[in-house]
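Next up is a structure, given as structure tokens.
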Amino acid sequence: MTGNWNRWGPEDERGAPNLVTGAMVAAAAGLVQTGRVLSLGQLLDPGMPVSEGRTELSHYMERDGGDYAIGGRVMGRSRFSDDVVVMGMHTGTHIDALVHVWYDEELYNGHPQSSVRSRGASRCGIDKLGPIVARGVLLDVAAHRGVDALAVEGGAIGPGELQACAESQGVALGAGDVVLVRTGWLGACGDDGERFFGGEPGIDVDAARWLAERDVAVVGCDNYAVETIVPGVTAGFPVHEVLLRDCGVPLIESVVLDELAASGRHEFLFVVSPLPLRGGTASPVAPLAIL
Amino acid sequence: MTGNWNRWGPEDERGAPNLVTGAMVAAAAGLVQTGRVLSLGQLLDPGMPVSEGRTELSHYMERDGGDYAIGGRVMGRSRFSDDVVVMGMHTGTHIDALVHVWYDEELYNGHPQSSVRSRGASRCGIDKLGPIVARGVLLDVAAHRGVDALAVEGGAIGPGELQACAESQGVALGAGDVVLVRTGWLGACGDDGERFFGGEPGIDVDAARWLAERDVAVVGCDNYAVETIVPGVTAGFPVHEVLLRDCGVPLIESVVLDELAASGRHEFLFVVSPLPLRGGTASPVAPLAIL
Amino acid sequence: MTGNWNRWGPEDERGAPNLVTGAMVAAAAGLVQTGRVLSLGQLLDPGMPVSEGRTELSHYMERDGGDYAIGGRVMGRSRFSDDVVVMGMHTGTHIDALVHVWYDEELYNGHPQSSVRSRGASRCGIDKLGPIVARGVLLDVAAHRGVDALAVEGGAIGPGELQACAESQGVALGAGDVVLVRTGWLGACGDDGERFFGGEPGIDVDAARWLAERDVAVVGCDNYAVETIVPGVTAGFPVHEVLLRDCGVPLIESVVLDELAASGRHEFLFVVSPLPLRGGTASPVAPLAIL
Amino acid sequence: MTGNWNRWGPEDERGAPNLVTGAMVAAAAGLVQTGRVLSLGQLLDPGMPVSEGRTELSHYMERDGGDYAIGGRVMGRSRFSDDVVVMGMHTGTHIDALVHVWYDEELYNGHPQSSVRSRGASRCGIDKLGPIVARGVLLDVAAHRGVDALAVEGGAIGPGELQACAESQGVALGAGDVVLVRTGWLGACGDDGERFFGGEPGIDVDAARWLAERDVAVVGCDNYAVETIVPGVTAGFPVHEVLLRDCGVPLIESVVLDELAASGRHEFLFVVSPLPLRGGTASPVAPLAIL
């Protein structure tokens, strides 16, 4: 399947965020009522759980208060603290660049696998994605099911459930929307990384296609991979394949949605601005819902 | 001087961004006209210039297209790219946390220097700052002077010049504004890191005080340290001392302002959402002007 | 206690390795019989267990075979692989510099705690230690007790046991010796890092003093901290205090001793050559026993 | 050319160091006279010059004296310093694993290029090399020419010059020797990394073949790539190709040889013990000459 290939020309590396017009941005800004700003990003805590095989987040101080206490040189009277991270780009709440997943040696829009080398991705990297400002829509599937959180087993969300959830909330999805699906999984797992990364409720591949057909710009979820993963049952990452590679829809993972859900708002101004790392495959982010 | 200490209580670690009310956010959202979204952040390019003594940005791929070309195991049919950075938190366009600069063993709001240790800052770190959504105001001093860029010598900007610039542009600064001062320096230096970090035009300490008195929420500039630095003439970082430590006003450095200046807009919806790194002293960011 | 302070002058930062004279080195070389070379170092395996709070070992390739398979530029016909590590200096088998542990604000030889800053240790760092070539003596306490490995409980080794062990082996400790104490702990724990770092058999503080009094140059052990650690029973690191700080005796930890023990040799030419990292607190090493 | 392929069996990943027998090690130990130990390794200094495109050495403290000065928790009375490096494996004096250079999709001994992936080299990595203890032979070509240092132009060293140099020194190369060729380049360049990495005197490809034919175990040099490199004249790395890939002879680069040369000794016990990093392409080392 090559859902949105060539839709924005053969050179395009940005995908579905192209669907957001200036008029849509202006309309989304018009959704702001109280001006409350909610961060949907996790605290980036050194040593926090990461999925298996990935690098843990480390944080080092190049200058700190202790240095001055034991004789460090002051500039004029100014004292400084400086620091460095070693950080996987898929750490904490993050947005996947379109290059993150592909199959059959072709990335989104037919760009070749060979553009992804040890020095980074020359195609479809996070530096090509740019910021996304759009209408955000929360689909609170956990609330729709009447549970705190979906379980891993039985946690697959199909298109019918997304549609019913939207209707019950009184919102209609539209082109250029950023859709945030709430499963409750992140909140339910808390600090238990082994549980959080051990399988998850999430959307199924039909739901992914359904969302892409509705021309959404971005899909986010409060789990680690957006899609339903049942150990020993599901295989591969078909939702990633459909959304990132076929349709050019970026994914935001580990989105913090509980406070947004508690606000009662299902439509809002959504803003995310990834770090424009040349050739990067993702970026940690703190997305915003402006209510 | 302890400008804003205790203004938001003895425990406050956020400073002047507290000045932005929900009503101000809503009003700023009302400034959106065309919905054009401008990123004000530099490309984060591995090996890009950093100031002396800081760690260079490095980017490593943990999986890439080459691995699959030589037999890497595919999951289902999914192929992945993953990556890691070693990154100074003051790399590229970045926002300084209030902990970044202090003097006399006390940080902003009287928090002790001893809270800044090898494991990070337990007070006034970037994790305490949170997102900032506000009215952005561009003060295009370069245009006001009729030059492409201010020089290092003669590049000090005082309060009178900021005021005259604002008046000539027809904007009035107000409480909770994010003020972006354009010197042209970043654009003039291009890739020449030695020139860029070798001194800079910028605001002087009187201008810093004047801005703090106007209750601005944040100050940004298209140079590396906001303030005028003339090698062999200026000493220390008095603007950092006044704004970060005395008044709790975060600084955004190396802001890309040329395209914004070319847009002709001096008021806009401004958004920045730092990485909430526990104990971090800054965060690379791609701030947004939404026109 | 200031055991060896000032013994090699007030500026000394090397400690007990000063005891090894050229004549001792030459004599130790005379111990070589078969010429068999045994490495006593662990494999440095990315993601291997490290003690709590330390950074995991990560390894990244800057160029690899995959890059060439997908079109990477060949120089002439040469193809390259290059790589980078993020590595704690106390990872795997390693030697502690004298700066690693101290008390009362003074390092070995009275050097001040204030010489140990965020940019590294200007006193007693691993760059000051230099290589150590000497007679190695294996004290196989596990064999002496007739067990595969000592347990955590009951695993304290006192001076009497060291002496009895040496006598039963027919070796006498002398000035300038590198003493390697075998508990069997590393081999018994295998890949179980939680067990390995959860407590350990090892020498007690009296044994540490006894070794220092015998003027040994270095002490090594097949555990993670040389000394007996029983969770909830022992407190602090008194053996580190006595050997590193009071007596200037470097420690080698996580030494691989099972194959050496199986060789039946208790005296041999010992060589270790730490990475001379300026200001480092330790170095991973692969020490050698040359039989 | 497949010089030593299959010589030690089709699975061999160690190459010419296999030539060193136990008897040779014992004989080399017999060369020790005064017992003086010379380190041939550079200081590993954070920020030191590295060749273009490689990662700079960084060093971070996880705990230091400053932390204790401002209230850090003491364990018992023990105080600690701990640290981390980000380090290219080809930093400073280092030994290249056989995997470092190849051509035509085959590594040393016919191992496939496809064994070198983002997670490291499963074939011919530094973990497969092991320690090398052997007779060291210094060929002081600079002294033989009567200059402090060879220049880049005219700095190619052929087999005839090596032979003449050996004869004038009264040493004969033999199987299993570690040959160290002194050009004076490292000492002449001092801290000038731009000069050091901008071209170099060194052996030519005929000398490489001549050394391999003499069955030497290792070749080292006081330059950054062992081989003659004249910008705009030489192309690729033919000496690397012949020695590493064809003949399985590891290379040691940036060896510090001036003090050894000053000692007047041309034969000695040589020891190097690389960090056994799984899948690594090289290791920083401090090789030893024991006189």
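For clarity, chains are labelled A, B, C and D in written order, and residue numbers in each chain start from 1.
As a convention for this text, contacts are C-beta pairs under 8 Å (C-beta built on N, C-alpha and C of every residue); 3 or more make two chains touch, one makes a residue touch a chain.
Keep in mind that what you see is a predicted model, and the values were worked out from it rather than measured.
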Chains in simultaneous contact with chain C and chain D: A, B
Interface with more contacting C-beta pairs, comparing B-C to B-D: B-D
Centre-of-Cα separation between chain D and chain B, whole angstrom: 45
Chain D, residues touching no fewer than two other chains: 55, 58, 60-62, 64-70, 72, 84, 86, 113-114, 116-119
Category of the chain touch graph - line, ring, star, complete, other: complete
Residue numbers on chain D that touch chain B, as the complex places them: 55-56, 58, 61-64, 66-67, 70-72, 86, 113-114, 116-119
Contacting residues of chain C [partner chain D, same complex]: 21-27, 29-30, 32-37, 39, 41-46, 53-55, 59-62, 64-66, 68-69, 74-90, 99-105, 112-121, 127, 130-131, 133, 235-238, 240-241, 269, 271-282, 284-288, 290
